[in-house]
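Two complexes come next, and they have one chain in common, chain A, joined by chain B in the first and chain C in the second.
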Partner chain A sequence: MHFPVRWSPEWNEERWMGQLLILPMQLLIWFVLIVPMLIVIYLSLVSWQPIMGVDWWQAPFAGLSNYVQALQDQRFLTALGRTMGLVLVAVSLEFLLGLALALFFHQEEFPGKRIVASILLYPMMLPWVVVGLCFYLLFLDKGPVNYILISLFGPDASVQWYQNPLLALMTIALADIWQWTPFMFLVIYSGLGALPPEPVEAAMTLGASRWEIFRYIVFPMLKPVMLIALIIRALEAFKIFDLVYIMTGGGPGTSTESLSLYLYRTGFIYGQLSYAAAMALLVLILIALVARLAVRPLEREL
Partner chain B sequence: MANKKKGYGKLTRREFLKAAGLAAAGGLLSTCAPAPTPTPRTPATPAPGTPVPRVEGATPEERALNGIKALKAAGKIKNGDTFVILHHSGQRNNIVPALEEWNRLTGLNFVSAEEGLEANIYTKVMNEAVTRTGSYDIFLTFVNWIADMAEAGLIVDQTEWWEKYDPEVDHGPNAYVSPIDRFTSLYKGRRYAMGADNDTFSMFYRKDLMENPDEQKRFEDKFGRKLEVPRTWEEFDQWVAFFDRPDQGIRGVHMYAERYFAYTGWAARFISRGGAYFDDNMDPLITSEEGVTALEEMVRLIQNHAWPDAVTGDWSVAYTRFPEGSVFCAWAWPSLGKWAQDPKTSKIVGKVGAMEIPGTMHDGELIRAVPHVVGWSFSISRYSKSPEACYCFIQWFCGPKTGLDAIARVGTLDIFRQSWFNEPKMKEAYGADFLPVLLANSKNAFPDISLRGANEYLDKLNLHLQQAFAGQKKPEQALKDAADEWQKITDRLGRLSQIEAWRQERKNYPEPIQRLWRKKGLFKD
Partner chain C sequence: MPGRAWTSGLTRWGVVLIVILITLAPVVWVLSLSFKPPQEWLAYPPTLIPRQPTLENYLVLFWPGNPVGVVSEMVRTAEPVTRAFINSLIIVPISTALSIVIGFLAAYGISRFGAGGNFLPFSVLTTRMFPPIAFAVPLLVYYRSLGLIDTHLGLILMYTTFTLAFSLWMIKGFIDGIPRHIEEAAILDGASRWRVMFTITLPLIRGGLAAAALFVFIMNWTEFLFALIFTSRFAVTLPVQVSRYAGAVGRYYGPQAALGIVASIPVLIAGYLIQRYLVRAFTFGLVK
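After this line comes the complex of A and B, so read on.
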C-alpha cells in the first residue's frame, strides 16, 4: 500500500494546513463528480432494474453485455444518427444565420440598432419548454402556420406537420434554430467587435473588396471564436430533449426520438438503469472523441 | 537500476501492464453474453399467522379512526406525527380538504406532496425504492405501477389490514364496482394497494345530431335500420363513417392513436373479440387473428374518419376536439362529459350523449371490453414510520362517506363505489344521465397491463401501434414487432415470475371476458 504523500521537509505546518483547508472541497468534488461517475460505470457493468427486487449492489455482474446490446440496438443507433443529423443541420444553419446577422450588425449603422440587437437575443433567454410549447402550437393541424397556408393557398394546403417524420423533425430543428441563432450572433458579433481594426483598414486602403476582406482577414482572425461557438452549441444541441419531448414526444413512433429522450425512456420509464448507464457512457465516449477532434484545429490556432 | 526493475518478478512494468490489460479485456469480453436475470427477492408479504382480530366500528371510517386510537394507545404513533402523501396535483381538491379533516379527527399531521407530471411520480417512487429515505409514507400512483413498487420492495402488503379493518371494497352494499375492486388493489393475489379512482372510458357523442329527424331518415335509408347508439364495433364503424363530415369541419371520431394511449381503442376491440395479451407461458397473443383484425379496423377508422391529431396529439386532444364540436364522438375518461357540459369549456352544452362502449357478438352474447386507463391507487411505503396508520388513513379516505365527499369534489379522482352512483351529490357532479352509462361501462372494465414492467410493455406496444396508425407499418408487422419486444421484456424480468403474475391478473378481468376465454380454451386453468 502506498501513502500518496511522502513526508518531506517541504511539508511544513503551513502546507499541511493548506491541504487540510482544501480537503472538504476535494471531498465534495469526489462526492458529486467521481462517485456518481463510478456508480454509473458500475451500473453499466451489471444487470439491474429497481423492479427486479434486488439491491443495486447485489446485482449480477453482466460484463460488457449492456454495451454489446446497445451497439446492436437499432433504436439507439437510429436515435444517435438522428440526433447527429439534427445537430449538423440545426447548428450549421444557426451558425450561418448568426454569422450573417453579426456581419450585418457589425458593418451597417441604422437607427435603433442596439434595441434590435437586444431583441434578437430574447429567444435565447426563453426556457426550452416555452419555446417547445410555442412551436408545438404553431404547427398544430389547426395552428397558425396551417391557417396562413390555407388562407394563401386554399384548404388543401394544410400540412400534417407532426404526422410526417421528416416534417416533424423539421419543426423541431426550426424551433432550435429560432432559439439558438441569437447565441451564434452574440458570440460572433462580440468577436467581430474585438478584432483589431488596423488590418481591415489597411486592406481597404489597398483596394480589397468586402468579400476579400472577410475571406482573408476577418474570417481567419475570427476562426477561434467561431469554433468555440460551434463546439459549445453542438455539444448543447446533442443533448436536445425538451423540444422533442414537448413537440412530438419522439413520434410518430420513434421517428423523431432524440438520444436523450431514448435514454430518459430507457432509464426512467422502462427502469432499465443499467442499460441506460451503458448507453450514456457510450455517448459520453463518442462526444469526448468528437469534441477532441473539434478542439484540435483550435489548439493549432492558439 | 534497470536490472533491478527487470528482475522484479521477471517482468518489466510495461510487460506486466500489458499482460494485466489483456487479461482484464479477456475477462470482460467473456462476459459479453446476455445479462443474467437476477433472482428477485419476494415482495414484502407478511407470513401467514393466526386470524387477525377485527377492529370494532360500524363503518370503514369508524374502524380506521379506532385503529388510530389503538395505535396511539400502544405508543406506536403520537399526536403531531407527520406522514407525507405523494400524489398528482390534479388530486389536490380531492385530497387536501380530506387531509385537514383527518388531521382534525386524529391529531396526526398528514401532509400532501404534489407532483405535476405523472411520469415524475414514477421516477420519484422508483428513486424512493432505491434510496429508502422514507420521504413519503403513502403513494397515490397509477394502478399499473403497483407491481413495480411491490417487486422493488417499496410497498407493504395490505392484505392483513384489509381483514383487520374491513374497508368494504369487495362485499356489501358499499362495495366498489366489480372488477375495479380487484384490479386496483391486487398483485399476485395479494392486496398491495387500495383503489381511489375509476378511470373507465366512456364514449360521448352528439345527441343533437342523433335526434335530428333528417339524419335519422338518411341513416335508415342508407343502412336499413334505425339510427341508434351502436352496440357492436361493426355498427360503430358505420355510425362513425355516417357522421364523418370533413367538409363541415366535423370528423366522425376521436379515439387515441398517439404515443401514449394508442393501445386503448385496439385493446377494447381485441379483448371483446376474445383476445388476451399473453398465453399461459407469457408468450404474446397479440399477433392472433383477433389482434390483427382489431388493429386493421382501428387503422381504417383513424385514417379515414379522424383528425390527424388523433395520431400526433396527446390525451388532451379529446378535451378540445369534442367540446369544440369538431368531432361527432369521442372516448375518454369520465371527466370528458363534464368538460363537454361546461359552458366555460364547451360549445356543445346540452347536445352531449354518453353511451356504453360497443362490443363483439359471440353466439348471440354481446361481449363488451372497456379499457380502464391509468387509474389511481393508494399504496404504503415499507419505510413509513407507521404503515398501519397510513393504512387507516387510506381506508378512511376511500370510505363510503368520506370518499363520497372527496370524490364529488372537482379533481382527477372519479366515482368507484357502486352505492355512490345513486347519490344526489354524484348525480350533480357527473350528470344524472351519465352515471348509469359509466356504471355499465365500469362493470365491463378491464385493466391496463399491470405486470411488473407494465410501463415498458405498454410503451413498446404504443410505439408500434402508433406507427401502424401513422401508416409507417402494416398492422400485422406492428403487432409482431411489439410481440418481439414483449418477449425480450419478459425474459429480462424473469418469465416464471411474470407467468405467475399474469395468471393472477387474468382473474381481474370482467367475468364475461373470462368466460369467453374459457370457451375458447385460451388458458389451461
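After this line comes the complex of A and C, so read on.
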C-alpha cells in the first residue's frame, strides 16, 4: 500500500477522499460484523435463552460453562467430525476429478469443446436448495437411481438411501461433488491455460515423458492456483447446510447432521442462543487456526 | 502439450459424452418431472419424456387451488410462491446494487489511496471464511432489538455486507488493471479527483462492474441460511420457499420440481453471461 504523493501536491486531500470512500463499507462491517462478534462473545459467557423472560443484556453470567458443555457434547463433536470428514472426502474427490477433467480439456482438441466446457459450469450457479432437491428426487425409493440399479442388477438391488446413515451421507457428498467439481475444473483449467508454454516445450524437446512433464513442470507451476482453489472450496464446503437441510434434515436420527445444521437447531429451534454462541466461537477459532496453517504453504509459493 | 494424441478418438468422445451426461442428468430429470401429471411422478418404470405432459405443476405455484386439474386439488392449502418471488425480486437487486456501489467506492479508495491499510481488505474476507451460522446467532439478538426480523431491510443489510468481499476484491482487481497515468493526465488537465473517478475510471471498468454485479446477484439469489432464519412470513425469499414447499405439500414432487426450475432460471442466465469472469469471481480475484 502506498500513497501516490507525486500524484498531487496535497496528499491530505487524497487521504481524506480515501477515508470517505471506504466509510460506507466500514459502517456496514461494523454493523453486521464487528458488533455482532462482540455480542457473540458476550452471549457465550452468559446463560441466556429468548424464552427466559429477561432481556439479553441482563442475563446471568455463566463463565466458561457453555464452552465446557460444548467440549463434552457428543452431538457437537460428532457433527464436527462428520463435517470435517465430508469436507475431506468431497473436496479431495472434487479436486481429483476437476484436475483430471482440466488436463483432459487442456490436452485434447475436439469440436464443440467450448460449448462442452460451458455446459460443465452450470451446476455451480444453481441454488444449493435446488441441487439438494434434484439429488433428493434422484435417490427416492422409487427414483431413477434405484431404477437403474434394478435394471442392471435385478430386483434386489434397490436401496433405501435415506434409511442408512452412511448411504444418506453419501448422497449428500455426491450432490456436493456434482455441484463443485466444475469449480475445481474451471480454476485448474484456466490456470493451465495461463502457464507459459516454453518450459513444457523445452522438456518435450529433451525427451521427457508425459508423466515427467506433469510431475516436474506443470504441477509445480500450477501449485499456487491449486492451493487457492482447495482452500476456498474447503472453507466453503465446511459451511454445508442447505444440502443436508433439504435432503435428509440431518436424519435418520441425527446421523447426517452437519455442524451448521446442529448450530442452527441449537440456536434457532431449541432456542439455546448462549450455548450456540459458545459453539460458534469454538468453530471460528478452529477455522482461523486451520486457515492459518493452510495459507502458510501459499505464502511460501507466492 | 499439443501434438501427441493422448487417447484414441473413440475414448475421447466416450469421456466427453459421459461428462455431459452426468452434468445434465439430475437437472434433466427434474425438468421432466416438472411436466408430469401426478400419476407419473413415481411411475414405475420411470419415464424420461412425460407421457401426458402438463403445465399444471407450474400453474399451481402461482395459483394454488385453481379450478383446473388434479394437482391444484392436492396443493389447495399451500401458499402461492408469488410473494417469495416478488420478495426475491426486491431484496436481491437492491442488495446487489448496494454491494457493487459500496464495493466500488471502497475498492477505489483502497486501490488508489491505500485507504484502510492492509487490514481492511483482508478483514472483509473473513465474512466469507467463517460459516454464516456463526454470524447468525448474534445477529438474531441484535435484529430482534432493532425490529429487523422478517423485514426486507434486514436481509438487504446482510446480503450487502456478506457479498462485499466479492464486489470489493473483484472490482479492486479491475481498478488495479487501469494504468494510473490515464488518471494523472486528466488531473493535470484540471479535473477534480472525484470527477476522474466517475468519468474516467468508472467507464473503463464498466464491463467488469457488470460481471461483478451479476455474480453478486447469483450469490444473493441463491442464499438460503440467513433467509431461513431471519424471515418467517413477510419477507421469505425463493430458496426458503423451495424448502418450505417441500414440507407444505409433502410428496407432491411435481410442483416442487417446477419451483426448483423457476428458482434456477435467473441465475443460470446470469451465470451464462459472466462465464469468462467466473474464475476471478469465485477466487476473489486471486486467480485471473
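Definition applied: the second predicted complex is superposed on the first by the 274 of 302 C-alpha atoms of A that agree within 3 Å, B and C clash if a C-alpha of one lies under 4 Å from a C-alpha of the other, contacts with A are read in each partner's own complex, and residues count from 1 in each chain.
Please note the rule applied: contacts are C-beta pairs under 8 Å (C-beta built on N, C-alpha and C of every residue); 3 or more make two chains touch, one makes a residue touch a chain.
Since we're looking at a predicted model, the values are computed, not measured.
Participant: Touch check for A:F183: first (chain B), second (chain C), both, or neither?
Facilitator: A:F183: touches chain C, not chain B.
Participant: Between chain B (first) and chain C (second), which, if any, makes contact with A:Q26: first, second, both or neither?
Facilitator: Only chain C; A:Q26 stays clear of chain B.
Participant: Chain A residues in contact: does chain B have more, or chain C?
Facilitator: Residues of chain A touched, chain B against chain C: more for C.
Participant: May I ask you to decide whether A:I39 touches chain B, chain C, both, or neither, giving the answer as first, second, both or neither?
Facilitator: Only chain C is touched by A:I39; chain B is not.
Participant: Can A:P60 be said to touch chain B (first), chain C (second), both, or neither?
Facilitator: The answer is first: A:P60 touches chain B but not chain C.
Participant: After superposition on the shared chain, which partner residues are touched by A:T78: those of chain B (first), chain C (second), both, or neither?
Facilitator: A:T78: touches no partner chain.
Participant: What is the contact status of A:G251 with respect to chain B (first) and chain C (second): first, second, both, or neither?
Facilitator: A:G251 sits against chain B, while chain C stays out of touch.
Participant: Identify the partner contact of A:F268: answer first if only chain B is touched, second if only chain C is, both if each is, neither if none is.
Facilitator: Both partners, chain B and chain C.
Participant: For chain A, which residues lie in the overlap of the chain B contacts and the chain C contacts?
Facilitator: 50, 56, 140, 268
Participant: List the residues on chain C that touch chain A in their complex, please.
Facilitator: Residue positions touching the partner: 1-2, 4, 6-7, 12-13, 15-16, 19-20, 22-24, 26-27, 29-30, 33, 42, 44-46, 102-103, 105-106, 108-110, 112-118, 120, 123-124, 126-142, 144-145, 157-158, 160-162, 164, 168, 180, 184, 187, 193-194, 218, 221-222, 224-225, 228-229, 238-239, 242-243, 246, 253, 256-257, 260, 263-264, 267-268, 270-272, 275, 278-279, 282-284, 286-288.
Participant: Which stretch or stretches of chain A touch chain B in the complex?
Facilitator: Within the complex, chain A contacts chain B at residues 46-54, 56, 58-66, 68-69, 140-141, 160, 162-163, 165, 168, 248-255, 265, 268-272, 274.
Participant: Show which residues of chain B lie in contact with chain A when the two form their complex.
Facilitator: It is residues 27-43, 119, 122-123, 126, 129-130, 147-148, 151-153, 258-260, 307-309, 311-314, 452-453, 455-456, 459, 463-464, 466-467, 469-470, 472-473, 492-494 of chain B that touch chain A.
Participant: Under the stated contact criterion, what part of chain A meets chain C in this complex?
Facilitator: Answer in residue numbers: 1-4, 7-8, 13-15, 17-22, 24-26, 28-29, 31-33, 35-37, 39-40, 43, 50, 56, 101, 104, 106-110, 116, 118-131, 133-135, 137-138, 140, 142-144, 147, 151, 178, 182-183, 186-187, 190-191, 194, 200, 204, 210, 213, 225, 228-229, 232, 235, 238-239, 241-242, 245-246, 259-260, 263-264, 267-268, 273, 276-277, 280-281, 283-284, 287, 291.
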